Structure formats: C-alpha cells, structure tokens
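I'd like to ask you about the structure that follows.
Order of writing sets the chain letters: A, B, C and D. Residues in each chain are counted from 1.
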Amino acid sequence: MTENGFHTVNNKNYDIPKIGIGMLGYGFMGKAHSNAYHKISYMSWPPVAIPQLVAICGRNDKKVEEAAVRYKYQGYYTDWKQMVKDPSIEIFDNGSSDKMHFEPTVAAAKEGKHVFCEKPLAVSIAEAEEMLLAVQQSGVKHMCGFNYRFIPAVRLAKNIIEEGKLGKIYQFTGHYFHPFGSDPEEKVENIWYAGPGHPGVLYGIGSHLIDIARFLAGEIDTVMGITKNFNKTRFDSNGKKHAIAGDECNAAIFEFTNGALGSIETSCIAPGRMNHQFWEINGSKGSIYFDLEDLNHLHVCLKQNNRKDLSGFTKILVAEPEHPYHSIFYPQPGIALGWEDSFVAELNHFIDCIINNKSVEPYGATFYDGYINQLIIDAIEKSSVNGKKMKIAAEF
Amino acid sequence: MTENGFHTVNNKNYDIPKIGIGMLGYGFMGKAHSNAYHKISYMSWPPVAIPQLVAICGRNDKKVEEAAVRYKYQGYYTDWKQMVKDPSIEIFDNGSSDKMHFEPTVAAAKEGKHVFCEKPLAVSIAEAEEMLLAVQQSGVKHMCGFNYRFIPAVRLAKNIIEEGKLGKIYQFTGHYFHPFGSDPEEKVENIWYAGPGHPGVLYGIGSHLIDIARFLAGEIDTVMGITKNFNKTRFDSNGKKHAIAGDECNAAIFEFTNGALGSIETSCIAPGRMNHQFWEINGSKGSIYFDLEDLNHLHVCLKQNNRKDLSGFTKILVAEPEHPYHSIFYPQPGIALGWEDSFVAELNHFIDCIINNKSVEPYGATFYDGYINQLIIDAIEKSSVNGKKMKIAAEF
Amino acid sequence: MTENGFHTVNNKNYDIPKIGIGMLGYGFMGKAHSNAYHKISYMSWPPVAIPQLVAICGRNDKKVEEAAVRYKYQGYYTDWKQMVKDPSIEIFDNGSSDKMHFEPTVAAAKEGKHVFCEKPLAVSIAEAEEMLLAVQQSGVKHMCGFNYRFIPAVRLAKNIIEEGKLGKIYQFTGHYFHPFGSDPEEKVENIWYAGPGHPGVLYGIGSHLIDIARFLAGEIDTVMGITKNFNKTRFDSNGKKHAIAGDECNAAIFEFTNGALGSIETSCIAPGRMNHQFWEINGSKGSIYFDLEDLNHLHVCLKQNNRKDLSGFTKILVAEPEHPYHSIFYPQPGIALGWEDSFVAELNHFIDCIINNKSVEPYGATFYDGYINQLIIDAIEKSSVNGKKMKIAAEF
Amino acid sequence: MTENGFHTVNNKNYDIPKIGIGMLGYGFMGKAHSNAYHKISYMSWPPVAIPQLVAICGRNDKKVEEAAVRYKYQGYYTDWKQMVKDPSIEIFDNGSSDKMHFEPTVAAAKEGKHVFCEKPLAVSIAEAEEMLLAVQQSGVKHMCGFNYRFIPAVRLAKNIIEEGKLGKIYQFTGHYFHPFGSDPEEKVENIWYAGPGHPGVLYGIGSHLIDIARFLAGEIDTVMGITKNFNKTRFDSNGKKHAIAGDECNAAIFEFTNGALGSIETSCIAPGRMNHQFWEINGSKGSIYFDLEDLNHLHVCLKQNNRKDLSGFTKILVAEPEHPYHSIFYPQPGIALGWEDSFVAELNHFIDCIINNKSVEPYGATFYDGYINQLIIDAIEKSSVNGKKMKIAAEF
C-alpha cells in the first residue's frame, strides 16, 4: 500500500490456470473470439482459466499489428506457419476465411495444438476428412465453431430433449434467412456470400441449421435438396461485374436415422429477415421453437395431462440462474445476453474441456460434426443436380 | 300497421336476387357453409343475392331432418341423386366426405347446377380429371373449397404481390401443423385423418398449403417429397385396433415455373400447433408472412429506400375499410373476423360470380385448381416412394 | 315426402323453447345483436332456446323496415313506447345510442320485459340509479352489454382467478386504445366519440376496461384520474366546425377493496392501436394478460415450483373443447372466433338465465354492474377536475 | 521481430487518448461498468479513448483486491476518500449502493473529477440538490446512470420524436415489472428491494421509467400516485424476520408541461415479468412502443397517407449500420446486443463528452435529470399519502 491508500494487486494470490491463445484472422470472427477471451477472464470468477492472448496472425503487417494492439495480444505473426510452432500457444483458433480453414488447422493439430476452427470446417469433403484425421491422430482437443449450440435457449432445448420431455422426435423444421442479397442491384461488397470463391449460403449459414438439426434431432440418413442462385452476376461499387458462384437460397428435406422427418431452408435473399434462424421440433409429448432474432427466449409446449385448457407454448426468458451457461455471465436474473455471448460460452467450454480434460461432446461441436456437416452439404448440392435422394455415408 | 304500432314488413319492396342452395353434408362443412349462407343474407346490405336454403342431403333420415330444421332449410333429401335434379337448386354445394366428392358433384354438374366442392377436390387424379371435364362440358360455374384464399389478410397478400410490391418472387415457405395425432395413445375417433379410408394429412391440410403456394407464388413445376406415418395403428375407445392408411406428416420442396424455390411441410403430430398454417414469401423487394392462428393480421416488409433505419415487418390488422372483403362484414374498423368468415367471403364470391356472370378466377379456386392440387399431391407421394424429383404435367 | 324425394321438415318434432325478441336500434349494435340471435338458433344444437325476432324499432320508417327485412324480424315499430307493450316480446334489447338507454329500458322493465341494455348503462348516475331501481322493482332479468366478459379467453381468465391460481391479486393494469381521433384533421363523422352530445371515450371504451377490472380483480374503492381532450374542435366534411364535449383520453389509478392496485388508461388518439384492449393481472402465484386484437389467445404464467427453468407465459389458444363457451360454437378444436361471437355467447347466456331461471351473475354483467361502472366514471371525471382521490360509494 | 516470426506490438504507433477510471463498488454495477470499459477499448477502432482502469474501491480489503485482479484494475483503495484524490483518476464512477451515492460523489466532484453516478442519484431531495450543486460549482462533467437511454432502440425512438415523426405527443404509458417479490414466502436475500434501508421499487426501477418518460415525452408538471407494499415483513434464510420499508409496486398518472397525459406503473411482484420495461408513446402522427425483454426491437407506427391498408406497427431490429450506437459494436448487420451493451454505449458517450468537451445532454442523463427524477419520486410518494395532485417544482 502506498501512502495515499493505493494498493497494487498481488496476482500471485490467485492461483488460476492460464492458457495461451493464438488467433488466426482479425476480421469478424477475430473480433468475436478476442472479445470472448477477454470476457472469459472476468465474467465469472474464478474463471476456468485466464486466456493469455499470445499472438494474432494475418498477412497484412500493418493491419495485424493494429489488431494486436486493439485486442491486447502480446504480439503478432504474419505467417501462420510460424505461429503454429509458437510454444506459448496452446489453442490455435482459426477464425479466418473458409478457404483458409484447412491448411493452417491441420498444421496446428500436427504441432499438438488444441484447435478451434470456425464453420464450415472446410470447403470440400476431402479437406474435412483430412482435418478430422489430423486431430484424431494428434489426439488434440478440437471444436468446430457452431456457436449457436451455446446460446442458453438452444442448450435448454437440448436438455429438454435429453430428458425425454418431447417424447419420440417426429420432425425438425428450420429456416435461416438473411436479407442481404435480395436486391439484384445490391453491390458485391455488401453481400457476404458473394465474394470471390465463396461457396454460398448453404455453406455459410445452412451449415448452422444442419448442425442444429443434428444436435437436437439426431443423425441424418438421407437428403433431397434444391439450391438456387437468382442473381448470377452482380456489380461492385466500381461498376465491375462479378460472377457469383455460390447459392443464394436452398431447401432440403431429409430423414433422420431415428425415423424423424426433417426440413431446412436457407436464404440470403429474404427481405426483413435480418438474422432469422428459426427452428421447431415436434415430438410425441411436446414441441419447441426458437428464433435467433430473439435469442434470449425459448418457446416450449409440453403436454399437460390434467389441464388441457392451460396448454400452449410457454415463452421462457432463458436468463435465470436455473438456466444453462447462466453462471458464466451475470448472476442476476433477467439479464438479456447478446449474440457475442454465444462465443463466450463456446470458447469457455473449449477451455474447460482442455483444462479439465473433458470431452468436448456432446454439447460442443467437434471436427467430426464439421465433417458430417460437410457430407450433408455435399449431398444437398448433388441432389439439386441429379434430382435424387442421397444417402449420408460417413467414412469415420 | 296494426293498431298497436306493429308493422309487418313488405318484402316486395326489396328487389334482391335470390339463389337456391342444395347442400350435401351436414357435418363440419355443412355447418360452416350453412352459417355462411345465413350471414351472406344480412351481413352486407343489399347482398349480392339472398341464398334460398332449398334442401340439405344426407343418408340418415332422422339426422338430416334435424339438420334441415337446425339450419333452416326448406326440406331435405336422403338421396343426392334426387337432390341434384331439384329444379329449385341452382348451387349444388358438396360438403361431404372426401370420397363423396366425385360422383355427386359430377352428377350435379351434368344437371347444370353450379357446383361448389370442398377440398380436396377428389381422392385420385382420375376422379379430379373427370370432375374438371364435367364442369367444363356443362359450362357451369365451379369452385373448389380452398377457403383460406378468402381470409382478408391472404387476399391482401395477393393484392400486394399483384401490384409487384414484392418484386421478383424468390421463395415460398409454408407449414400447416395440427397437434391431433401427436400422442400415440390418442384414440382414432379424435383424429380427423385417422378414419377408415382417409387419405391423410397431405390431402387434408397439405392441399390448403399447396393451393396457397400456387395462389400467391405461381405454378409449380417439379417436386420432391417425403411422407411419414409414425403411428400406423391406433386403438379406438372400444379397444379395437385400426390401421391408419394416410400420412401423418410430410415435407416437400419444389420449383415454380417462374424459377422460385418452394418448401412446404404438413403435420398433424405437432403438439401446441392448434391450427398453425404459416407461410412466408420472399421477393426481391419485400416479404410477407401469415399465421392462421392469428388470421386477422398480415406481416409485410417492403423495402424503404430512404429510411433503412425504419425498416422491418409491419403487422397489419387486416380489418379496416380499406381492406379486402371488409364490405361484406361490419363497416366499423378494428373488428376481428373468425375462421368461419372465410366461408362467408368465399361463398359470397361464388354467388356474385353466378349472379353477375363473372369469372371465379383468379381469386377463387376452381376445379382446375383442385385438379392441379391433386397432381401435386400425387407427385409428392410418388417422390416419397421413388426418391426422385417429379414433374407436374397437367393434361388440361 | 314428395315423389322426387324432397322431404319437408316437421318442426313439431323439435321441442325447443322459443323466446321473443324486441330490438331497439338497427345500427352497429343492432346488427351485432341480430346476428347473434340468428347464430344462437343453430350454432349449437339443441339451442337453449330459439330466438323469435318479433320486432325491431327505430324512428325512420323506411330504414327500420329495411332493417327488419335484412335481419328477418317479423315486423317493426317506429315508436319504442309501443314496442315495449308488445306481448310477444320477452326480451327488450336496447342497442340504441347512449342517450336512448335510459327511458326505453325503464319503460320495458316496467312492462315486465327482461331487459338487455348496451353499455354504458346510462349517461348520468341519476339515470343509472333509476334503471337499476326499475329492474329490481319489476324483478325482470337484466344485463348490461359488457360483452368482453364473454370472450372465451376472458372467461378462462375469470375461471383461473376463481380457482385461486393467481393467489392473492396484487395489481390490475389495463389499456384500451383506439386510433380514430389521433389526426387533428380527421373529420367529425369518422370519430365515434365526437358526435353531438357523446360523453367521450371514458364512457365509450373506458367503461369496458372498468368492467373487466371489476370482473377479474374485485370491487374498486378509491380512484384518482385525469381526462384530456387535445382537439376540442373539429370540422365535418362540409367544413362546419364542431365542439367536442367528451374526453379523448384518460388515465386513472385506483385501489380495490381487497387492497390491490389498479391502473387503467383509455385513448382514441393512439395511432396503430386498432382495438387494443390490453390488460394484465399479477398475483402472488401467477399472472395473466390479454389483448383484444388477438382475442383468441390468453397468456398465463403460473409459478412452477419444481421447474423454474421452464417458467414463463403460456400462450393459450382458447378455442378447444375444454374451454369456456366452446360448446356454443364449433365442436372442432382450433377454430378462431371473431369479435361478433362475444355477443353470441353473451346473449346466449342471457337467454339461458331467462329460460332456466338462473342468475345472470357472476359471469354476466347486470344493471348493478352498469350502475357501479357509472359511479367510477363519474369519480374519475371529478378527480380530474379537483385533483383529489375519490371514494366509490354505492347507494345500492 | 524475433527469429521465429513473432512481432511485439509497438503501442507508440497508436496515438489514442487515454482516460483514468476510479470505480467505487464491485458488485452488479461494478461488474457491468468494468466490462463496459474493457469493451470500449476495442469494440470500435480507434476508440474515442482507452479507459485506464486505475483503481477500484470497496471496504473489504480481500474482496476488493480480488475485484481489482478480476477486472484488471491497476490497484485498489479501501477508502473512497483517498481514491477521490488520486491524480491519475479523471472519472469517478460511483456504482455502489444507493445510500453511498451522495457523499463520495460530492467529494469527487469537489476534487474536480468528472463524476458518473448510478441511479437513483440520491435517496432524498436534499442529497440530490447538493450533488447537483457540487457538479455545477466544480464545472465537471456529470452523468446519472439511466443506461436505458443508450439502448439503440430507445435512442432511435428519441430520434424519431425529435424529427417530429410522431407529431404532437399525446400520451406516454409505461410499465416496469419484475417478479422477484411476488411470493410472500420469498426470502429477503433474493429480493433486491428488500434489503435494509432500501427505498423500494419506485426508486429502484420506477426511476428508470420516469427518466424514459422525461427523455422521450417531455418535462412532467403534476403527478398523482399510489405506492403499495403487500408484504411488509419477510423472513431471511436463517428464519429472521425483517421489516420491508420500501414499496413493492406503485402507479402514477401525470401531466406533462406540453399537455400530454402520462401513466407509469412499477412492480416487483409481477410473476413472469422478468425485466419487463414496456412503454408506449402516442402522438398525432404516430406511435412507438418498446419492451426491454426484447431490447433489440422497436415497434413504430407512422401514418401513411397513401396506403392505409398497409399501416400498422413495424417491428424494427435496431441492429443495422443505419442505427444509433451501431458503430460502437460490430459493423455487421443483424447482431443482437445484450443488456450490458447499454453501459458500453453510455460510458462511451461520457468519455466522448469529456475527451471532446461535448455536452452530455440531451442524450445522456445528467445530475439535473437525477435531481428532477428525485422530485418526481418524492411527489408520487407524497400523493400516495395525501391523495392529492402534486406539482413538480424544480428549484434549479
């Protein structure tokens, strides 16, 4: 204590594990993940571990330095091949573009880093297989960034289903609608799926819906699908015309191995649907639905034998001490979380699994989930071309 | 005027057309239609015509007499073959069971009666073709009972699309979910699709969704579909076991001839969804959605160029003097209509088309619509068996 | 049976009571009530009684004859003083303007007719007292037209409260908002509360909210209130300026005799609120809320001791066989009712009470309820002037 | 750059202002504010300033050290009298209990610190006056923590009103309902307003509603109010009985100086209402409503002259680049914010006003707003006792 009453803190009093992070990418996901690491360090106390932001990596020296300053990394790399060898790094977090998921992630796994890779895991089955093989062979922990599993309302849905409260699952129905490309005059720069080489909306957001279907309703057996692109060319702000390779919307129907019926539809040409991930599950004893635009609520209808007159969907504000992931955030009830908090819970889970050597499954998505997801995407695309029902046949 | 001030009315002062009705069936649809004819006679004034309830028909003498008394028909028949010859009857209204749609309706058309037939038009393509042929050859007016076209909110949606306010149509998505069969222990008597010979929920309510898709988004070109039945046998209250022939739920994806993508899903095993007909249409300039459980509202998002910050879905209470079909009901604003009022507007339209020799189309569904609907149902069922995309090929 | 198979019905087979109706007024309420009497005769079977539409009454000979033809009354009167003496009339139904409630209703009661009078019962305490006295002295059945008690969702709320499921009642909060006068340029003809001599929105719709508060939460002890009129003059379509006497909006807070806290607010200058009667009740064990724009639903939150994580408001579609008043309408589940059906259930209740000599209370509103309502309106108006808390002191 | 490619960052390249923070309190608000300071430093880039977390203060040495470690403060104080003199501190942030707002805040202001004080500003008019006087005399920047002004949807409402889009304001209606004390058996520890000396829910959350009313609808002229306490004693977990001094619910009606009518109701005994801050504003040209349980949406109805048939409330997801405060968070559209982000925007505004010497008003709440708020609370409490309309008479 100084004369004026100021005490400096003594960190040595606090025996909290630390874990070194190496982050690839400083864009949208780089920001969301970095923010999550910061919040993990203080939102609950003591945290499972305090993330040490060792380094961030990107090709542009100036920009990556700025990102390191901004997000308080100790330093940065401009070559991921060097970062994956950094001995201070325990988690390699790949938040870069889809095409950059494969090579760096495999390399990091081979270096023995625990790997977290954003979704979609890869842009081909071959890549996904190799990535899965790499983590299996190296024995590291691995997660694929299906962050919506970690919204408290989604996890509550999972718990309700695991408890058997829905009975036998009959149906899964889902939409994931964005508005961004609905106007044919919209410029390429403003449309996330329209960039060069982007595989499209089935990869970009359909993959989320496929993961939710598998997470909540079961493994998928067969699919039929249609993918569409209404605006095959668009201009950029400089008046240059670009071909758009990926799909703009798609629909698929499927059968689960448990016999349930499934239906998903994805679109980025749906005016007014800003982030409308809607899904519903119907079973013999109850139903659940959810909308990401109102992410703190879950709607649940469980049959009440004795009072049919009081039956209906209950709108649950999933923000109470009794709810999943609540202990990570504010202890008070009624506190609405934001979209970003799904990443906080997700990365907190990964760190917890590493520190305490727990299995990432079944609540976290692994590279296996990313691989199966890729098989399903591929089958939908093939069905759209050949007009036939496709079987999902995992090789792992 | 009598001494005590009582005036008897002089109907001759009121030169309002009359139209004779012969009703087949006195169950659910018989009640809804009879109620509609009564309300048509006084809800707006002067009405387009005053329905004369000539006769109602059913096999059970005692029950049909009671129905005639109850619904104020002048008399009744126990043999539809006799009723279709009654010269006082101008409209033959078939509200009987699905299997009884075909023969009486064809006979009535051949007798030159205008024919209104409940949906689904038939239970096979062959029947539907012959019914369509019959009305075309006799030249009578004909409607198929897709009553949801006549909900003011649905018609407003149609108007908005016809005005081009949604731009190019990209997608149609629909659900029609009922809860009735979700419990495997539910008795056969309580499940409308479980009766002997009932063709199932794709016929029963899927047909409505197919009609709405065609009404609002355009003609359907190809389909892929899956139908499911999780509870292939059920008991009745007497402990007798019954085989359930029809489907309990189904999902289909399709392409419209205008290139749009479509998806529908029907279920009668969805707890909590009491009458959840939901559909959404996305176009290049706007979106619309609707839910039958809240039938007085339509949700519309039209892009606003100048104020993107004020954009979103507008929840319109479709109950104002500016709205479709409002003049048929109460002139006051803000008066919520009920489910039954869709029949009032529908049958009022039919009578108007007859009295004023107008075309039933495009706002009313004809036997052609019933026939195409049947083709699509058939294609979905075939696709579910063969796992292939099916082409809709009308022969008319 | 005729040779061609046509059977005429034999009404004598059906021993159903009949009850004679005399209707005063053929405007908005005249239509809603006449429609209700028709529907009562056939919606459920057998009905409690079949209304005989004896006569309708209005001053304009030509218009009232037209109304009699339209709504199928046997005849008409142009002088209510003569109609109240008609021996065929058992129910005198007063659906005329507020100012015309007093004199004809008292006269009819004195003639021994059962009297139904629209709300507000009167336009002064003195009138209301005399009306109540008249029915008490003559011993006739009497109801005041607070029809919203007869919406199934509202009655379900009453049942839930009577069962004690909300525990001790803490609070009642209500809004009743209309949009009609919000624009200062709106013409007098388009604003229901702006007609000459109209007492304003507290009488017009505030009375409904007061009745719901009393029906569900208990008797009112004291009130404080504010009434406002922002547009004291308006033009009609001919450019003539009119003074507007009544209030446009008001707010009041009150204490119930059971200690609960109350708050109501009424407005006809609320853009976008087409018929927004919202109210909420909070008790020690649960809460309920309702919105008239979505009249088939009730939202109920009952505390669940064992699963706080599944707690929230349940949105109940009050349209199932288990629900109040369902048996009056369609036996099928999931059939949304319209606004007009509140009158069907209300008048059906009145007829049932007469035919079976039951008490109109507690589910129907009597002239006593109309009288107390008037006391409360008066107290709110006085408090707005004197800025003080007013005690409700019934003399009956 | 090291040999292995690791670059350490060079902070000197980034010329971003810094600002020293001294935080009083490490409970709920201490956490929310500390989190906000962290997020301000990186969520947008460059930030208006980077908060330097100089010190946190609390009486319990062990706990405050832990808080300093957890939230990454450089050090801590156990005596606020010493912290307010720390020359590194530019902002004194008072997030401690209501009773502790007065003395430390005045002291900090006298030391020339910019002061941020949580709401309610004080627990008496005398305190509030002295606090306002202190900041006026010292000339420091000051804010009172009415954070809900900084929810993007609330600020959008403010903008819409400032643009005149609602026309003349007629009415403000608000509820703020919590469920925490509804059960009489609930233990004292679980009820935030039941602690010893807590002034109750009118202070605790009613103050928020009063602030929103003033922020959006104008200054308040007169009030009438009722406050209630149904559970005057409660037990704690140890079985000890406690008297509860403050109110549990209250209702007030008021007149604004602009003539508008106001109504608010606050409750902490409303089951199912987890954080239900609802308010609605009606004007001559439009209406707005908002619910804090769905904080990313604003519902707006603006009259459309040309298309009355498309009119209604538009549900706006206030999370687009066009919206207020969006630039502070993620540049992507459709990203739902959480409750905590209101503090991020609020404290960012305060820092911006200090760094760039801008006025805190009109978008931020000052000590003047806190003082007026206290006057209104006091008037409601007095009116509840004397049953009279009270005038709000500011002395400043």
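In this text, a contact is a pair of C-beta atoms (placed from the backbone, for glycine too) under 8 Å apart; a residue touches a chain by one contact, two chains touch by 3 or more.
Please read all numbers here as calculations on a predicted model, not as lab measurements.
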Reference chain B; chain at largest CA-centroid distance: D
Pair with more cross-chain C-beta pairs in contact, given B-D and A-D: A-D
Inter-chain centre distance, chain C versus chain D - centres from mean C-alpha coordinates, in Å: 43
Rounded Å distance, chain B centre to chain D centre (Cα mean): 53
Whole-Å gap between the CA centroids of chain A and chain D: 33
Of all residues in chain A, the ones touching two or more other chains: 302, 311-313, 317, 320
Residues of chain C touching chain B in the complex: 4-11, 13-14, 28, 31-32, 34-35, 38-39, 41-43, 45, 55, 61, 65-66, 68-79, 82-83, 85-86, 178, 180, 274-275, 292-297, 317, 319-320, 330, 332-341
For the chain C and chain D complex, residues of the former touching the latter: 168, 170-171, 173, 175, 177, 182-184, 222, 224-226, 228, 230, 248-255, 259, 261-263, 265, 267, 269-273, 280, 282-287, 301-303, 311-313, 383, 387-389
Chain A contact footprint on chain C (complex, rising order): 156, 160, 300, 302, 308-318, 320, 322-323
